[in-house]
Every structure is written in structure tokens, then in C-alpha cells.
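Take a look at the structures below.
Each of the two complexes below includes chain A, the first together with chain B, the second together with chain C.
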Partner chain A sequence: MKKIKNMFRYENVGILFVFPAFLYMLVFVGYPIIRNIILSFQDVGAGNLVRGTKNFILFENYAELFGDSVFRISLFNTLKYTVLCLIFQFMIGFMLALFFNQRFTLAKPVRGILLVPWMIPVTVTALMFKLLFATDIGVINYILRSLHLIQKNIEWLTTPGTAMFALICANVWIGIPFNMILISTGLTTIPKELYESASIDGANKVQTFFNITLPLLKPTIESVLILGFIYTFKVYDLVYVMTSGGPVNSTHMLSTYSYKLSFEMFKYSKGSAVANVLLAILLVVGIFYIKITTQGEEE
Partner chain B sequence: MDEEKKLTKNKNILFGIISVIILCALLFPLYWAFITSLKTEQEIFLNPPTFYPHVLNTKSYAAQVETGDFNMFRSFANSFVISIGATFIAVLLAVPASYGIAKYHFKGRKVMLLSFLVTQMLPVSVLLTPMFIMFKNIHVYNTWIAAVLADATIGIPFSVLILKNYFSSIPKDLEEAAYLDGCNKFTAFIRILIPIAKPGVMVCAIFSFLYAWGDLAYGMTFILDQERRPITAGIFNFMGQYGTKWSYLTAFAVVTIIPVALIFIFMQKYIVSGMTSGAVKG
Partner chain C sequence: MKRKKITALLAVFAMTVSLAAGCGNAEKAGTVADNAAADNAESSVESNSDEAPEETGQETAGEENAPSGEAQAVTIWYYWETEGHQVALDQVIQDYNGSQDSYEVTAKYVPFADFKKQLSIGASADELPDIAILDSPDHASYVEMGIFEDLTGKFDVGSYYEGTVNSCTVDGKLYGVPFGVNCLALYYNEDMLNEAGCSVPTTWEELMTTAKALTTDSVTGLALCSVQNEEGTFNFVPWLWSTGATSYDINNENGIRALSFIQSLIEEEVMSKECINWTQGDVMNQFISGNVAMMENGPWQIPTMQQEAPDLNWKVTLIPKDSEYSSVLGGENYAVINGGNVEGALDFLNYATSEEKVKFLMDKFGYISADKSIAENQFEADSPYQPFVEELNYAMPRGPLAEWPGVSDAISLAFNQVITGTATPEDAAAEAQATIDGIVK
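The block that comes next holds the complex of A and B.
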């Protein structure tokens, strides 16, 4: 009994260690989340943001969103962008992971350098891809011209359909290293004996891939895709720098539209409502992620 | 699969060549930005484009130090101060927090752990306006402090989750041995556990720095004056003003990448461990 009592005392010391960080997050993240929800039920504009009376208009902001065509475009764009980015960065990342998992001399050093795109500030990435996709001086147009695929330069970033394509390319470039390194790590956890016994049984490479690699990699694949979804879905900097949601709102995402409403049109409450829709979708996906990662957590 | 067996010599060379081709293709955007920064404006507009600068032009770098209207080195210094500040707060708070979560099963532990996990997923959009109001009210709006405080919120949850794994992997015997030697909980934590978890602390510091260094939304929203804004916001401004001055723009980009490149060159092993342990183990 005495031991248990001591245990309780001992374990609770832990709170003292965690408390400062927790308090910090409560003040600078927890409180803003609540504040943002309240804001979305009010009518806050430039005049009454910091001071002044804020009237509650309840769900009016949200109701307004449903009639707002830009909001619908943003929601659809965000989904489309996320799904397409995920497909390509996952497939390319997977192939690279398999390739660099082979034991050749350059495998490790080259794979290491390939992580660089992931580390670069997104603003810089956006700038680099703006340069590549530039109409007159862009290399992409130059290559397409040289291959005689196009006669006239394409105005990538100022044409609705192609602007989205350029954004996806840039984001896939950032996402490839992330997918590659996580899948690589996943691959190393698969016991080698499985492959050996499979080859003794006469299985070919395709068979071992579908019967051993893929099933054993399932937890890794799940977390890569869910995390990828979360990171891609909340995209902000990349789109804001490359297109700012243009041309004619065709590349607006929930995050950039929310920013535009709040900080360019000063409709803070409506911007908050858009952000909350974004948050709600992320939370649903996040719950899946937490379920998966905490499964093996409990000791 | 034949990974276990050593590859034959020919295969080794072939794969080496393929890997270098992949590397060149994927890093081409970086190379292109770099050589564009060294070209003259006329050469940038040449058709067909030149794949290395025929006339070396370093003016784009020099011009930004000389002309006062857009000083990228000041932006660089701003970014540096902000990122170091955010890193300092993140590490200072996350090290004890992760230790507490890893080693003690106190009431509410799960809730706290979950809340750190959730904050990692938050979009900036949700926090921008409320933080904006808050920073105005506590009179730090338009100062470095606002960006530091906001950027630290990215580093803290990441660091807690990473370091938690480091601390849990340290055997309890070690801690108990420290108590026998006369340490109490706090001195044991500082003298024994932190030094062992040092690689983890490095990972946290590096990633907190990188997150803050790459931030655009907070720096741009909470700091109004160009002289105090971070370098990412500087680039964005510059793009709006001199949209087609690509030699200047790319020079700006190259300067922004320098710290990232240095971190990569000297601390690569921490990067891999940060990217993987942060994501897979949650």
C-alpha cells in the first residue's frame, strides 16, 4: 500500500516538467482556437477587431459561405490539389525508396542529398518554380518548345487550369523526400529472412512485392498518406507566393481564401469561418492518424 | 530480393549512374535558381537559355547591400534573430516536457500528449487572426517578439514528440543509479538525462530553427515594417515590387538557403532522424 502511495506522489512530479510547455501552448494555441471559433460567430471587421463591440450573428458567416462560389471553388481545389499531390509524391517517393534501398555505393549519400528540397523554405521553392514556369524565360516552356510539343509559350501561372498544375508540381517536389525517407525507413523494418524464404519458395520479385513488402509496409503507408494529407491540405505559403489564389480565384485554397478574407478584405469573421471549416476537416483526418499511431503506444 | 547480397560491380556502377541522374533531375530547380542569380538580366532573357552564366555577374548580391531600399542582409539578420529566439523557447520548454511525458505516468498525461499531437496538425489560418488580436493587445505586434512567440508554437509540439522517444529509451536503472549517488529528480534530469538525450535535443533545435526560418505567414502578418520582417516576407514583397527582376530575386533565394545548406552539410544525420521519428512514431 505504501508503495502505491509513493508511486502516486512520484508520478505526479511529471506534471511540473510538462506544465510550462503545456501552458505556453494553451496560451498561444489553445486560446486562439477558441477565440477563432467565437470570432466566426461574430461580425468582426476592420473597425471592431481589437476594440469595439462585437455582435453575435451566430451561423450567418457559415451560411454565407455556402452561397459563396469562391468558397466552393477553394474547398474543391484544396481536395483536388491534396489528392493529386499525394498520388504523385507517394508513387515517386515509393519508387525512389525501393531504388535506394538497394545496396550500391552511392545509395546512402545520394538519398541524403535528395532530402534537401524538403528543408528549403517554401517561399524559396515557390520562387524557384515561378521561375521554371515563367512564360518567356521559363525552362519548362523552353523544353516543350525544343521538343516541338508547343508552338507558343504557355502562360502557366496566369491560365486557370495550368496554374493548378504548376502548384501541384512544386508541392510534389517538396513532398517526394518526405515520402521517400519514411518508406525507406519502413522498408528496413521488414525482416530479411522473409525475403529469403520467399525466394527459396520460388516467388519472383513482383510476387514478393505484393505479398511481403506491401502488407508489411501497411502501417508506414498509412501514416505517410495521412500525414501527407494533413500537410498538403493546410497548404498556404506555396499557393500564396506562387499564385495568391489567382488567376480569377482559380487556385484559391481554403487557407489562402481565409487569409484573403481576413487580411486583405478585412472580413475577419468570415475568414475565421473558412479557417474553421479547414480545421474541422483536418481534425477528422487527424483522429484517424492518432488512432493509428497510438495503437502500439500503450505499454 | 537481393539487397542482402552485394551487388555485382557492373550493377553497382549502373545504379550509381542512375542515382546521379535522378539527383540532377530533382535538384535542377536549385541549380537553375543559383545560376540565374549569377547571370546578367540580359542573359536571363536570352533564347535559347544559357545553362551556365556566360558572363559572371555578382552585382545582384552586391546591389542589395549597397542600395538601401531593399537590404536582404537586414532581412537575413531579422530571420536569424526570430529563428534563434523561437528555437530557444521551443527547446527550453520541450526538453523538460518530453521528459515528464516519457518518464512519469501522471494524471492527464494522455490528454497533454494528445494536445501536442493535435497542435502539430493545425493550419496557420486558424491561429492568425486571434494571434493578431492578442499581439496587438499585449503590444508586441510589429516586433520580432510576435514572430518568435508564434514560431515557437510549431517547434514545441514537434520537439516534445521527438524527445519523448529519446527519453523513454533511456533505461530506468540509470536514473536510479543517479539517485543513489545523491541526485534528486531535477539534478538527475539535468546531469544525467539531458546529456544522454543530446542527439534528440539537437534534432529538436534544428527542426525548430528550420520551421521558424521557413515561416512566411506569421512573419508577414505580425510584422508590418519591412525593416523588421524576416527574409521570407522580404522575398515575397520583392516579388510583388520587382516581379521580373529575376537576378535579384534568385540572389535573395540563394541567401535564404545558405543556413539550410549549412545545417544540411554539417548535421545531416539529425535531419533523417527528425523526419522519420517525428512522423512514424507520432
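The block that comes next holds the complex of A and C.
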């Protein structure tokens, strides 16, 4: 009785509010993930998906994965793709945010228009970039040829190295507005007075940037990078439409490889093991994020 | 402070996890969008042509003819994206629904890229149609999954082509009914051939010489779909088999010769590297646009080609041979799902496989009947389809093998490595053989 009464005490009432959301997450997010983890410890293929016994083979799927060259390629690809995309998206987004933070005519409407890449469905963007990077009919080769920068058409999407480059270009284009808008919002929270007093003290633009803008934007930058990491790391549709993991598996990501194993080759357990590796990496990133953000509050 | 940390940790867990789950949702949304896009494309095509009826095959069949009695529902899944195919299937379904009162058939379009996924998900969630019309090389995998009804003795396939019956037979039991067959052959642009003064190639050597003669600044001699999936494998195996190699035995003189030939086509620039990104439909589009002088493709392209490029002067011939003529058997099979409305499904299949209906469907689809007795008299002697009937004599099925997707993956990787120049034919053959040995043994 006392316990129930305790639950309704003011300090604990928050838990009650969280409860419905928690229940929802448990059913619609928790259950599938736990099922997926169980699946990855079994040996489910076409033969025993519906009938027959599903044997527990524990870490055999994972062991097999680390000996699988395509898995290693896709793990490395996902990391490389994420890091490179983040660097360019963030830098270009930051510069654009600073630029549009200046008050000039049309700054706001133009910034709004720049959001378009973020709003277009990824499938559409992917098809667009696939055509742009096409060897014989692509606009990019046409421009490069017209400028006499190249003699022969570059085979962007049919050569392993350049296909990854094309994917990164497409994703940077999508990601810039996301970075720009979050950093712009962060910039508006910095009090004007700080800049005024800095200029009275004789600080130049570079000094103000490194001593006022950057430190005060730290929380925003951290969120932008972590969110960007998560969004980029789980890329699927862009790669599926532009290259389907080709040529010769050179652009497979964890997500596309997991899909291929599960739904094209009927290796359900191995496919879910790949998905769990993806999940584990994202969890590590998330915990890292918590570490940084709570440190700030404890000080 | 500690509590705050824990709450925060939970929050971040929830965030990453929901994003990971959101990845799945996005996929689903993607497929819905794809569907919608396909729908739009179809409806815009429809609005341009007067004769196309309002309905495509998408869960529309038979609504008008809904009988008053308690009709049992029979559902069909299929993946044909061509509008003509959907309309033809819809027509047969409506005729069937109008002809009797016991069953009400509806059909649902699932995009090819999602078809296998939907069947797998449906199998584990117990939400399957009563009939699936699926790609023949996948048949054995789903039989192993145990979702198909054993039709042995319930359906007479005595007059069907042996290869097609084999594709739905596992351990001597019949698990499906062939819908229709097709195979690949060589299309050539007759005007370009005449202009270059070439005769129709029948061997690889002749093909290479002809392709070189036909290649100009704006035209490449030959194109064949080489995407790294089942579609690409389908287009590559005729070349492989023509040398005497089998799908399971590649790392030998014959297998390497097939890979080397594809490599030489690329090196001599008579075939574009872009072929690894071209579906069979893309290849056909390049051919009718006059960018490609010869292509390997199937008979289902003929209705579209006649409609889109009525003036193009093309002909079809056997795929040139190395040591023997060879082609690959394609097409779909009907499969009846066990646990569903089996009686209704069989009743519809009996109706849809009657000579009259088969002729109607095959004609609209650009397919050849899987029923030999129908196929032999299906076309006039000068019909563009006739070479495909001849090619059928050399066509072999892929598999049937439950692990075929794994074998196919190894084969498609091998020719993609060769085309992109990431491996020599010898290395590609050895790698593919190692993978295949790991699967088949």
C-alpha cells in the first residue's frame, strides 16, 4: 500500500508519464531487436524458417562473418563512408550556416531553398546522381570533357574506387542542409552582447570565431555530429538504388549486405548477425555521446 | 546525478535503437513509394493510350463481377511490372470470376526486387497468398522452406517442356505449374548489319568480328545485361554453358574461356562497361534507341519494341556458339501455397492453363507456352517469336537447387570482376569455384 502511495509522490510521477512510451518502445522496438539477436545465434535458412528445428549455434554466425571478405569490406566501407561524409557535410554546412547568419537580403528564403536536398526522397536523389555520374550520358563527364579536364569519359559507377566517391558526393549533397540548419539554430542562441564586447576589446573575426562561436556551439556541434553519424551509418536506400553494392561488392554497406544475405540468399541468421554488428556500433557511439554531454553538466 | 546518467543512457539507447528500427521503416516506406511511383508511371502510360482499361492488375480484379453468394477469396501475388502483362492477367481473372460463383480471385502486384523478401516475411508471419507466380530458379528454395503444396497427381504436366517441369519438381514431387517459358536469343539491327556488310554471326569469332565492324563512335556492337544478381547470371550462363562448362564447374579451361570472351568484348570496346548497371529493360532501350547494334534479350521485349520502335528493322537469331548452341530457360511458375485455399487455387489454375487462356496470356506477354503441344503451333513461321521456339531446344534451366541463389551470386561476381577488370578470368573462376564448392558439397 505504501509502495503504491510512493509511486504517486511528486518525485516519482515522472516515471508514470514515461511508462506509456516505454511500453510502446518495448513492444515495437525492444521485441524485434531481441528477436533479431536470438535469430543471429541460430542457424535459420530457407529450410527451417517455417518448419523444422532452429538450432542454436551461438557465435558461429559472427565467427563466419569475420572470415567473410565481403563483410569486412562492407564494415570498412560503412566506416569510411560515414567519416568522409561527416567531414564534408559538416564543414560545408558550417560555412553555409555562418554565411547565412549574416543579415543580407534574401538570406532567409535562400537558406530555405537550400533545404530542398534534405526534403527530396532519397530514392529520387539516388536516381538523379546515378544519371549524373553515368559514363556516356552523364552530365558530370560532359562538363569535365567540355572543360578539357579529361580526354576519356570516367567510368564513375563501374569502377570500384570511383563508385564510392560518387556515393559520398550524393550523400554530402543530401546532408549539407541538415548540418547547416542545426548549426544556424545554434548560432542564434549565442548572445549578441558577447560579440559586441569582443569587438570593443579589439578582437578580430578569427579570434571571435575561435573564442566565442566555437566554444558556445560545442553542444550543438556534438549533437550534429552524433546524429549525422547515426543517419549516415545506417545508409541503405541511396546505395541500393545507385550501385546495389556493386561493382564487384565494392560499395556494400552493412545494411545492404545484411539485406542481401537475408532476402536474396535466404541466410536469415547471418543477415541478422550483420544487422546486429551495425546496431552494436551505433550503441557504442550513443554511449560515447552520453559521456560527453553529461560531463558538461556535472562540472 | 547518477539517476540522471541512467535516464540519459536509456534515452540514448532508445534513440539509436529507434533509428536502427527506423531504418527498417524507411525501407518499407521506400517500397511503398516505389509502388506508388510504379502506379503513377503506369497510370500516366494508361492515360496516353485509349485501349488500356482503367484497371491495372492491382487488387482490382473482379470487383465489378463480385458474385452475390459466399465466394471464397483466392489471392495471387505476381511481380510483372509491364502494364500489358498486368492487364492480361487481370482479364483472365475477371473472366474466371464471372464464370463461376464459388471463388473470388484477386491479384496483387509486388515489385520484383521485393518479391522474395515479401514471400520470406509472409512465410514467417503466416500471411501468404494462395497462389504465387514466381521466378522459376527460386522455386526450389521455397519448396525447401515448405510453403508450397505438393501437386503431384493433382495436375497433369505431361505435355509440358521437360525443363520447365524440372524447375518446379523437387525429389520427384511436383510443387508448381509452369506459367510460361522464355529463353534468351540474339537480337540484331538488320540495317546496321547490312550497312557494315556483315552476315549474321553464328560463332563467337564471327560475333567478335561483326561487333567490331558495327561499333562506331555512337554505337557499341553488343550489349547484354550484366548486373550482379540473378538477372545478370541469367544473361551470362548461355555463354558459360556454350563452352561445355556447367554452373557448378567453372574453374577449368571452358569456364575461363567464357570469362575471357566477355573480358575481350570489353577490352575491344565492342561492349560497354555500363552493362553492369543495365537491366534487360535498359539493354532493350539502348537497342531501340540505336545505341547498340546487337543484344542478348528475351521474347517478352517484343511487344514493347513493336510499340515503341515500329520502324526499327531487327531480327532474332540463336546466340552464337563456342562449342555448342546454348540458351537459358526463364519464366515463371505458379505455386500453390499450402494451408491456403488450395481447392480454389487449383480450380483457378485449371481454368488459367486451358488452351484458350494460355494462348491469350502468352500472346499478350510475349511468352512461349510451357505446354509443348500449344507452343509448337503458337506462332507463324515468319513470326519474330519463332527463333525463340527454336532456341528453346538448346535452353537449359538454372538449378533446380535450393542453394541456387548462392551459386548464382558466385557466378555473377565472377563475370562482374572480369568486366570491371578487378580480377583476371583465371582468378575469378578460381574464386567462384571455391564459393560454389562450399555450397554444393
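Keep this in mind: the second predicted complex is superposed on the first by the 262 of 299 C-alpha atoms of A that agree within 3 Å, B and C clash if a C-alpha of one lies under 4 Å from a C-alpha of the other, contacts with A are read in each partner's own complex, and residues count from 1 in each chain.
Definition applied: a contact is a pair of C-beta atoms (placed from the backbone, for glycine too) under 8 Å apart; a residue touches a chain by one contact, two chains touch by 3 or more.
These numbers come from a predicted model, not from an experiment.
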Field: Fit or clash between chain C and chain B when superposed on chain A
entry: clash
Statement: Counting residues of chain A touched by each of chain B and chain C, the higher count belongs to B
Message: Just checking: does A:K205 make contact with chain B only, chain C only, both, or neither of them? Give me first, second, both or neither.
response: first
Message: Per the contact definition in the header, classify A:T185: touching chain B only (first), chain C only (second), both, or neither.
response: first
Message: Applying the document's definition of touch, where does A:E155 land relative to chain B and chain C: first, second, both, or neither?
response: second
Message: Applying the document's definition of touch, where does A:I290 land relative to chain B and chain C: first, second, both, or neither?
response: both
- prompt: With the two structures laid over each other on chain A, which partner does A:N249 touch: chain B (first), chain C (second), both, or neither?
  reply: second
Task: Could you say whether A:M128 touches chain B, chain C, both of them, or neither, answering first, second, both or neither?
output: first
- prompt: Should A:C85 be classified as contacting the first partner (chain B), the second (chain C), both, or neither?
  reply: neither
Message: Per the contact definition in the header, classify A:A166: touching chain B only (first), chain C only (second), both, or neither.
response: neither
Query: Now for A:F104: first (chain B), second (chain C), both, or neither, which partner does it touch?
result: first
Query: Where along chain B is the clash with chain C: 93-101, 219-227, 255-263 or 273-281?
result: 219-227
Field: On chain A, positions contacted by chain B and by chain C
entry: 25, 28-30, 32-33, 49-50, 121-123, 130, 134, 136, 230, 234, 236-237, 255, 259, 262-263, 268, 275, 278-279, 282-283, 286, 289-290, 293-294, 297
Query: Touching chain C in the complex: which residues of chain A?
result: 25, 28-30, 32-33, 46-47, 49-52, 121-123, 130, 134-136, 155, 157-160, 230-231, 234, 236-237, 244-250, 255, 259, 262-266, 268, 275, 278-279, 282-283, 285-287, 289-290, 293-294, 297-298
In the complex with chain A, residue positions of chain C that touch it: 1, 4-5, 8-9, 12-21, 23-24, 26-27, 30, 33-34, 37, 116-117, 120, 123-124, 141-142, 144-147, 227-229, 272-274, 276-277, 402, 405-406, 409, 413, 416-417, 419-420, 422-423
- line: The answer for chain B against chain A in the complex is residues 1, 3-4, 6-7, 11-12, 15-16, 18-20, 22-23, 26-27, 29-30, 32-33, 36, 44-45, 47-49, 89, 93-94, 96-97, 99-101, 103-109, 112, 114-119, 121-134, 136-137, 149-150, 152-153, 156-157, 160, 185, 189, 210, 213-214, 216-217, 221, 232, 235-236, 239, 246, 249-250, 252-253, 256-257, 260-261, 263-264, 268, 271-272, 275-276, 279-282
Field: In the complex with chain B, residue positions of chain A that touch it
entry: 10-18, 20-22, 24-25, 28-33, 35-36, 39, 49-50, 96, 99-107, 110, 112-125, 127-132, 134, 136-137, 139, 142, 146, 173, 176-178, 181-182, 185-186, 192, 195-196, 199, 205, 208, 220, 223-224, 227, 230, 233-234, 236-237, 240-241, 254-255, 258-259, 262-263, 268, 271-272, 274-276, 278-279, 282-283, 286, 289-290, 293-294, 297
